[in-house]
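First chain A sits with chain B, and in the next complex the same chain sits with chain C.
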Partner chain A sequence: MSPALKKTLATLAIAVLSIFSLLPFYIMTIMGTYQNEDLFTKIVLVPGSYLLENLKTVAASRFDLVYLNSLIVSLSSTVLSVFVSACAGFAFAKHEFKHKNKIFSFVLLTMMIPGQLGIVAYVIEMRYLQLSGTLLPLILPWVANAFGVYWMTQFIRSAVPTEVLESAKIDGCSDIGIFFRMVIPFIYPAITTLSLLVFLWSWNNYLLPLIIINKPELYTIPLGITSLGDAYRTDLAAQILGLTLGTLPVLVLFAFGSKSFIRGLTAGSVKG
Partner chain B sequence: MSIMNAAKKRWVPYAFLSPYLLFYLAFGLFPIVFSFYVSLTSWDGIGDKTFVGLDNYKFLFNPDSYFFKSVGNTLLFVVLTLPVQIALGLVIATLLYSRWVKWRGLFQLINFLPYIVTPVAVGLMFNLLFDWQAGFVNKVLLKLGLVDEGIYWLGEPLYARMVIVLMLIWKGFGYTMVFYLAGLANVPKDLHEAAQVDGASGLRTFFSITLPLLKPVTVFIVITGIIGGFQLLEEPMLLLTGSGMGSSVAVIGGPERCCLTTVWNMYDTAYGSTTRYGLGAAIAYGLCVIIAVFSFVGARFYRGDSE
Partner chain C sequence: MSKSGGTKRIVVALVLCLLAALIAACGGGNSGGANPSASGGTGPNASGGGADTGGTGGGSGAEAGSGGDEQLKGEFVLWTWEPEHPTALAAFNKKYPNIKMKRVNVAAEDVPKKLQTTIASGGELPDVIRIERGQKAKIFDMGILEDLSAAPYNADTSLLFDYDIPAFSVDGKLVAIPDDMSVAGLAFIKPLAKEYFGTDDPEEMEKMFTSWDVFIEKGKEVVQKSGGKVKMFPSLGDVNDILKGQRPEPYFDGNKLNVSALESVLSALVKFRDAGIVDKLDQWTPAWNAAFGGDKYIFAECPVWMPQYVIGPNDKKDDRWALMVPPGGGIVRGGSSHGIPKGAKNAELAWKWIEFTSMSQEGAEAQKTDGVFTHYKKAYEDPSFTNWTWRNFGSQDIGEKFFVDISATTKDMPENINDTYLDEAMSIVLQTLAKDSSFGLEQAMDRIKKELKAKAPDITW
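After this line comes the complex of A and B, so read on.
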């Protein structure tokens, strides 16, 4: 095969698969621009003219509040999780202390435990602490993130040169100073990748809010999308538009971040 | 290795470690231990707890708990989707990495999109696409004259399972693709060049050099795929109950509960059609044991294989 033919064939193969990936999104987006009645009668392939009307219907359901809740939850979870993981990773990667290996094995073990294991008692705990009327129960589980600790430990171990830390120490730099000024700048790729992952996981989280959140003013996006169905049981088009709007932020985030996301994965721990 | 060997301040590593440990103890470990206690009781969350010993665990073996049925369903979905996701992800990653493909970054992003979309939205999306009346799929099939009347996709056990498998493959191959792309970037280039000099064909090089070197990535994908697969909930739930989530008891688990996953079963037992917290906690522990067994066997298999 000539190189030119190879190129064409390979690009064609990927293009076909990409259509498979995109088609459901495309149909959804298009469906959101039609009037409800049309969805039952026509096959819709090109954008319709009912987008603004559907937008009004969605806006009337205070979807902006749902958005805000999701942003608060996901941003706080991401910041806290990445910071706490980096601290623990620094301790494991560059310090010696008693029972270090045992504690690290324990962290690895907890990585294997499904998040649902403690959920029944977690809900009771949140009720007992009188936090179930707030967004905090959706943030707290992400703070101690075993995957994040493992990720950061691996990355700091390989990316941060110990000599640099030692000479900073000799120059009289405090431990906290070393962490912020010497460690953090070396691990930006790991921070980006972990941030994107935690943001994605918490943005998409459904089971926990479904069980804990019972006030509509605290709904996050996944709950908001499903409740759009309750409010407009007859208005499929508005619901579909809400669906599209709810997935938009993560799409945008990864559209801009996917390159550094993959770079971070490559530099990170998948080496085995 | 350590910057603290010479220092006297032994508390420093513990200070860096303590936020993680404290949060894990309070909101990770404590609920897990307390859940085990709840699993030994009969409790509806409001009244008094009654200690019942291992009764909840015994009940898991009773078909009325749907525990093993739901484990079987979940396992079926993992077995049918994971190999396809791995194969597709590997092929796409290899093609993208080969530099024969134009617009690499764009295709990479497009094929990763299904993975990052909210699972709830994925379930609803496929619910609408495969709707009996308004669904895109039926309308196209009717238009092309392939069927005389719309297929009741979500009402027949076999069809419902087919839609779920299709949906999970669609959603998951971008995830495997991304990890294989990262793995391929770590395969030394000179190995390929050496193979080419020796006259090995592209396919031969792929199977005897690239694939073995990607083994750690494959193991990682298989293990996380099993763990993630066993936690399957939103996609089938929203696919089969639609947006009126949980409003109708008749559709729990889909037709004949053929698509009831283990986590869905737990949710429904503790917070859905019944409020049996004790049994719900027991289902969660049962699930954890099963995941542990599979991870252990998987790790053993991997270790035995590499020696």
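After this line comes the complex of A and C, so read on.
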């Protein structure tokens, strides 16, 4: 097979796969432009004329507040999660202290426990701390992100040369200085990857807000979307439009961070 | 790296903080895909004019329908997936100006989950919960709802329809009050009925279709005459909805499955399938929806919400449908109710809301303006209240048909948590039944047994 033919076939295969991947997103976007009842009659492929009405339904449900809540929760979760994970990863990867391996194993162990098991205890804890009526219970779980710690530990171990850190130490740099000036620049891809993942997980988190939030003014997007509708029906078209709008920040983040994201995911892999 | 004492202390402190947080929060960070509710609509927008005002109610409903009460003060919390009915809420606030409602949005299928975790964590329960029919058995099974027929509520059960009482009771205790009417009849396409049965008059059709056996025989004739182009129903699921609704006894007595009741429904389904009068469409698919605008299927099950939410949007032509009492009588399909959890802080205020909206004349009228027909029986004694026409049904008073003729023949069965498992098993069996003509009663029963064993081993046969 000639190289040109190979390339054409590969391009074709990628094009087909892209269509398969993008079609559901396209249909989701288009469905938001139809009236709810029209969605059941056919598979819609061309834009409808009901976008403004659906937008009105979305706007009438205080979607701006819901959006703001989601942004506060997801951005705070991301920043805190990445910072704490990077600090812990630095400690595990480049410092020696007593029982380090046991503690690291314990961190890994917490990843094996299904989240649902601890949720009731977490709700009780939040109530005890009188945080139930706030957005904090949705942020705090991400601060202690076992996956983040593991991810950062592995990345720092492989990407940050110990010699560089020792040189900095010899030059009189403090540990905090070393972390911010030397380690952080080495681990940008890992930070981007973890940020995107935490943002996405937090943005889409449904179970925890469902269980812990009882005030409409604290709803996040997944909860807010379920309440979209007029008086006596669930308005699926408006919900789908809400979902499309809810997907935008994730898309924007990915568009800006995709290069680092992929670099982070493929770090350490070797060309065969 | 150097191991200075200060650094070590910072590192150890950081790690300990992290571990403490991990232990505390490992349960909270799971991400679940958003699963927006898709519960159907609940009632029609009545096209009839405003109904008469004035109290025809009696008992506790009459009490709710009489003068207001400014003594009662406070806020009650309602868990619901529906934006609350505006006219009903306005009328309630006029009567009880000092009672406020706080609505917490919970998708219908999430109500049991949220209830379970709230109870387990000792959290604050709402004062009233809206319960969708699909979740009813699960919530009733939790044993968390107040007996509304006992003090301090003393619900007057005579205000509701007779079939409501067993359906909303657990161990003889009334634990919820139905909110919206969801009786179902049989809708048919008039031109097709005229062509194949010689009449499109609902009363004549009712006289013609005296039983399901007659229905099947007539169906065979239709299929033969049309060369297989026209059938009676689009989906076996529709037939199951009706036959299940008409079953003579509940499917379960505690954990014991009523095998004969289930077998009678299954054998009837096999009969329908083998007669070739039902098509193979799955319910709620685009093809099934589109069938309402076509002329391939003469009949459709028709709950109160169907004209507005299914037939209307799918069939742009006016005056093509008519509504009749099904052979064997009406059934209940969908709908929701209100229950008060034990330990609710403002149960008295929540009860006033339930009583007003579902057990009083004023509430029934306000709800009708909002497009909801309540279960307050006395309201239906006034013909102007029941009057309801819908463009697809021409000038037929479908309100009268639903709320007088069909209601009079309707029965409903109590269900428990096991019915939920059976419904799941049935959905698998229905698909196989529809598509595999060699799949008979015995295989269907075996499959259900297998599914139930896996899902609920406590069920006995």
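The rule we apply is simple: the second predicted complex is superposed on the first by the 250 of 272 C-alpha atoms of A that agree within 3 Å, B and C clash if a C-alpha of one lies under 4 Å from a C-alpha of the other, contacts with A are read in each partner's own complex, and residues count from 1 in each chain.
The working rule: a contact is a pair of C-beta atoms (placed from the backbone, for glycine too) under 8 Å apart; a residue touches a chain by one contact, two chains touch by 3 or more.
Every value quoted in this text rests on a predicted model; they were computed, and no experiment measured them.
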| item | value |
| --- | --- |
| Overlay on chain A: chain C relative to chain B, clash or fit | clash |
| Touched partner set for A:L165, first chain B, second chain C, both or neither | both |
| Touching partner for A:T226 - first (chain B), second (chain C), both, neither | both |
| First (chain B), second (chain C), both or neither touched by A:G118 | both |
| Partner chain(s) touched by A:C173 [first = chain B, second = chain C, both, neither] | neither |
| Which superposed partner A:L251 touches (first chain B, second chain C, both, neither) | first |
| Chain B versus chain C as contact partner of A:A13, first or second or both or neither | first |
| Chain B versus chain C as contact partner of A:C87, first or second or both or neither | both |
| Touching partner for A:S202 - first (chain B), second (chain C), both, neither | second |
| Which superposed partner A:Q239 touches (first chain B, second chain C, both, neither) | both |
| When the two complexes are fitted on chain A, the stretch of chain C hitting chain B, from 41-49, 59-67, 95-103 or 113-121 | 113-121 |
| Chain C-contacting residues of chain A that also contact chain B | 40, 43, 84, 87-88, 91-92, 94-97, 103, 110, 113-122, 124-125, 140-141, 143-144, 146, 149, 162, 165-166, 169, 175, 204, 206-207, 210-211, 221-222, 225-226, 229-230, 233, 236, 239, 243 |
| Chain A partner contacts - residues on chain C that touch it in the complex | 1-3, 7-8, 10-12, 14-15, 18-19, 21-43, 45, 77, 81-83, 85-86, 103-107, 110, 113-114, 117-118, 120-124, 284, 286, 289-290, 293, 309, 312-314, 370-372 |
| Parts of chain A lying in touch with chain C, wherever the complex brings them together | 35, 37-38, 40-43, 84, 87-88, 91-92, 94-98, 103, 106-107, 110, 113-125, 127, 132, 137, 140-146, 149, 162, 165-166, 169, 175, 201-202, 204-208, 210-211, 214-216, 219, 221-223, 225-227, 229-234, 236, 239, 243 |
| Chain A partner contacts - residues on chain B that touch it in the complex | 1-5, 7, 9-10, 12-17, 19-21, 23-24, 26-35, 37-38, 45, 88, 92, 95-96, 98, 100-103, 105, 107-114, 116-121, 124-126, 128-129, 133-134, 136, 139-140, 143, 170, 174, 178-179, 181-183, 185-186, 216-217, 219-220, 227, 230-231, 233-234, 238, 242-245, 247, 263, 266-267, 270-271, 277, 280-281, 284-285, 287-288, 291-292, 295 |
| Residue ranges of chain A in contact with chain B within the complex | 3, 6-7, 10-11, 13-15, 17-18, 20-22, 24-25, 27-28, 31, 39-40, 43, 83-85, 87-88, 90-92, 94-97, 100, 103, 110, 112-122, 124-125, 140-141, 143-144, 146, 149, 162, 165-166, 169, 175, 178-179, 200, 203-204, 206-207, 210-211, 221-222, 225-226, 228-230, 233, 236, 239-240, 243, 246-247, 250-251, 254-255, 258-259, 261-262, 265-266, 268, 270-272 |
